[in-house]
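Quick heads-up: structures coming right below.
Shared chain: chain A. Partners: chain B in the first complex, chain C in the second.
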Partner chain A sequence: MRIAERMLKIDRRIIFLIIGLCTLVPLLYPVGLPIKISPEVRAVYDYIESLPEGSVFLLSLDFDPSSKPELYPQAVALLHHAFRKNLRVVAMTLWVSGTGLADQIISQVARETGKEDTKDYVFLGWSPGGTAVIINMGQNLYTTFPSDYHGRPTKGLPVLEGVNSLRDVDYAVSLGAGNPGVEAWYVFGKDKYKFEMGGGCTGVMAPGLYPLLRSGQINGLIGGLRGAAEYESLIGRKGQAIAGMDAQSATHMAIIVLVMLCNLFYFVLRRQQQAS
Partner chain B sequence: MSVESIIGAWVATGLTLFIFSFLYRDNPLFKLAEHLYVGVSVGYTIVKTYDTVLVHLIWKPIVEQHEWSLLIPVLIGTLMLARYVPQAAWLSRYAFAFIVGVGAGLAIPRTISSFILKQVEDTVRPLVALVPGEGVVLTWDLLNPASGVNTIIILLGVSSVLFYFFFSVEHRGPGKVVARTGIFFLMIAFGAAFGYTVMARMSLLIGRLTDLIGYADEAYGRPTLWLTVLTVSMLLLLSRRLKSEPPQEG
Partner chain C sequence: MIVLRRQLPLVITLIAGLTMAGQYYVPHPASEELLTSVTKWLQIIGGFALVLGVSSLFHQHAVKIRRREAGWGYSLVLYAGMVGTIVAGLWADGKESLDGVLTAFGWVYNYMMVPLQGTMFAILAFFIASAAYRSFRARSREAAVLLVAAVIVMMGRVPLGEYVLPVSGDISQWILNVLNASVRRAILIGVSLGAVALSLKIIFGVERSYLGGGKE
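Coming up: the complex of A and B.
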């Protein structure tokens, strides 16, 4: 068997092993490759940076544990930034399967930054209805969420002082792994109740959200682990995303090399077959 | 380190390795983790839905705060269950009619506004800009989304792709060129989407490996090392057993 033929019939488990090693080695021995900040991530950062102290920041964690590697670092970075700016954080989720994870994220970051529950932030939890929840929140936040995740009545909470509906939100970010997510928040939230919003999403979803970004329907977009790493760089806090960037670059390089080799062997084999 | 954290680390590590074992071949460890995942997800969703919907949004407001108006949505929702009784199945149609009617009424205008009108508005941006002191300016900066050159590219892309999906006319002559251009734009879009998908999948792998590295710590009892040895041993044992078994007939 010719080399080209043998390479094209290589056991796929060898490729899995190469990709696994390309991911594992940079995680164990990071190089610290530079991270370039994209305008769409900077736009989210700049908007939060421009908000005055005490502004209402709505963070909708619309994902579940299966998207944790990409959206967890985004949520942590955004919460650190919001708490550092002393914004009033209103967190919630439209995904029932992500409720526990969302509570864990916000409690953890609040503990790290010394923020107080119900005074500096509140986690409203999950409410059924998907997009209908957004519409209801635009009319009355307290009928949509009569109590927060821990069962305390939302009416009268210090963090929600002066907040009656989505119209009172200064900036909203949806970290979405699907539907309902960023698009639903734009269609049923921002477009109807006129508040500024940005988005965060998994890498798979990012190309589909760029039209919304270009047309100004959302003001910024944090896409995948790469976007999270950029945000971590902007707030000057090295987290899981920055730690994973070397591995990401190495695996991408490995995939590019494998694709090129595959094509090379394919054309070599075709030429050999034509010659014989 | 709390006992819950240590148990959680061992469970998370074990299930991750069991799922990864599928990369070698389908095996009972993978099946165990897969079934557990489905079961836990469904169980969690049922419990959260029961607690949030039935207890906090229905039972408590009606019984404790006497919000009797909530009985109307409860009744409509209950009608859906009539599908399970053949004689009364027709009642569920009222509930479905209500949901479809409200859903369509809410979604259609908002979707048209957001995904059609706003996107059309963005597609037909002016080619040139009137800059005070400079007159009419056509910008060629590819990195600026609002530049004239990007407006031309978007116009070409949208028109050619729309033409490619226009099947009432045979794609011949100049039409073939336009349709081919449409395919060219589609391929670029698919390539970008696939590139992002690869990036996303690699991110998931990075996330799991990061956790596995973290759980290799002595504080957790090194579950990564012990469970890797266990998983590999199980796979080798399984592989040997499969080799020794005679192939099934039929």
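Coming up: the complex of A and C.
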């Protein structure tokens, strides 16, 4: 067997080992390369920054634990920013399997920033119906969520003072890992109830949401771990995303090198076969 | 009873479809009230769908276990996992923690579901790398264009790539904002037009497959 042929049929466990090392080594020995801020992430940051104190910020954590590595740092960074700006945070999820995770995230950030449940923030939890929940919230928030995640009646909560429906939301961000997610919030929420919204998603979903961004249907987009790292840089708080960027850099470069090598061997083999 | 099985659902679909399509353009309070009620129904139906889904899953795997079909052991694990989680959930009244202390349901969520789902997702990186090495080849001109675009975007999305090739960040932004967005938009328009056409076919009873089979 020729060398090129042998290299093309390399044991995949070797590739697994390379990827494993490329992930592990930078996590143990971080380099900390500078992160360039993209306009779409800055747009979300700037909008939140421009909101006056006490504005209503809706954060829909539409993901489950499988997308935690990418969307958890985004949620933490956004919540830190919102709490720092003294916004009233209304959190919820459209994914039943993400309810526990969403509760943990908001409780943890609130604890770190000294914010009070029901006064500064509320976690509404999950309600069945998917996109119907968005429409229902647009009509009446209290019939959709008569009680919050902890079973307290939502009517009369200080954090929801003056909030009756999605029309009273100043800014909404959906951190979506699929459907229902960012697209559903635009189609069934923003389009009808006229509030400004931004999005956050996994890296693999980001290219699919660029048309919404370019047409102004969403004002900004935080894409994947890179987006989260950019947001962490903007708020000046190093978190899991910045820590993970070196590992992602190394893994991307490893895949690029592997693809280049595979093409090199492919062309060498083809030339050899043509010659013979 | 062909009327109950065929005509009546078609009439209900026609009336409901036309009413709700028209409702969007009528800002009258009565119209808004109708939307509130209908979406509430949808939420309730969504809740029933969840029950239906779970019971269907139970039934499917029960058959597999009873017949000792290939992989029935996995169905047994699924059964144990589902029953265990439901019991833990009911026991804890659906709460993951009480007064800051983790319940059994919270334990299942935090120490089983979160790491298991995370692991499944993380494994993807290894398989993608292996698949890219084996199949991402410039066999044609189109494949070569795709390959070059992919490499630039992959470089432009990480700090190390931008450090090695500083222009990759800007080119990657351009690829995503111009090439990708326009193609994706074209697909979206096509899909949306298809959805509108299909909706009209369902409303007017041309498309009837949702009624299911069965004897007339």
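Here is the rule we use: the second predicted complex is superposed on the first by the 276 of 276 C-alpha atoms of A that agree within 3 Å, B and C clash if a C-alpha of one lies under 4 Å from a C-alpha of the other, contacts with A are read in each partner's own complex, and residues count from 1 in each chain.
The criterion applied here is as follows: a contact is a pair of C-beta atoms (placed from the backbone, for glycine too) under 8 Å apart; a residue touches a chain by one contact, two chains touch by 3 or more.
On a predicted model such as this, the values are computed, not experimentally measured, just so you know.
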Partner chain(s) touched by A:Ile135 [first = chain B, second = chain C, both, neither]: both
Contacts of A:Thr251 with chain B and chain C, given as first, second, both or neither: both
Contacts of A:Lys68 with chain B and chain C, given as first, second, both or neither: both
First, second, both or neither for A:Asn86, with chain B first and chain C second: neither
Which superposed partner A:Ser55 touches (first chain B, second chain C, both, neither): neither
Which superposed partner A:Thr118 touches (first chain B, second chain C, both, neither): neither
Partner chain in contact with A:Asn179 - chain B first, chain C second, else both or neither: neither
Which superposed partner A:Ile10 touches (first chain B, second chain C, both, neither): second
Residues of chain A at both interfaces, chain B in one complex, chain C in the other: 16, 19-20, 23, 68-69, 96-97, 100, 127-128, 132, 135, 192, 203, 206-208, 211, 214-215, 224, 226, 248, 251-252, 255
Chain A - residues contacting chain B, complex: 13, 16, 19-20, 23-24, 27-28, 68-70, 72, 96-97, 99-100, 125-128, 131-132, 135, 146-147, 151, 183, 186-188, 191-192, 202-204, 206-208, 211, 214-217, 223-226, 240, 243-244, 247-248, 251-252, 255
In the complex with chain C, residue positions of chain A that touch it: 8, 10, 12, 15-16, 18-20, 23, 33-36, 38, 64-69, 96-97, 100-101, 103, 127-130, 132-133, 135-136, 139-140, 143-144, 192, 203, 206-208, 210-211, 213-215, 224, 226, 245-246, 248-256, 258-263, 266
Residue ranges of chain C in contact with chain A within the complex: 24, 32, 35-36, 39-40, 42-47, 49-50, 96, 106, 109-110, 113-115, 117-118, 120-122, 125-126, 128-130, 132-134, 136-138, 147, 150-151, 154-155, 157-164, 169, 173, 176-177, 180-181, 184-185, 188
Residue ranges of chain B touching chain A (in the complex, touch as defined): 23-24, 41, 44-45, 48-49, 52-53, 56-57, 61, 106-107, 110-111, 113-115, 118-119, 121-122, 145, 189, 192-193, 196-200, 202-210, 213
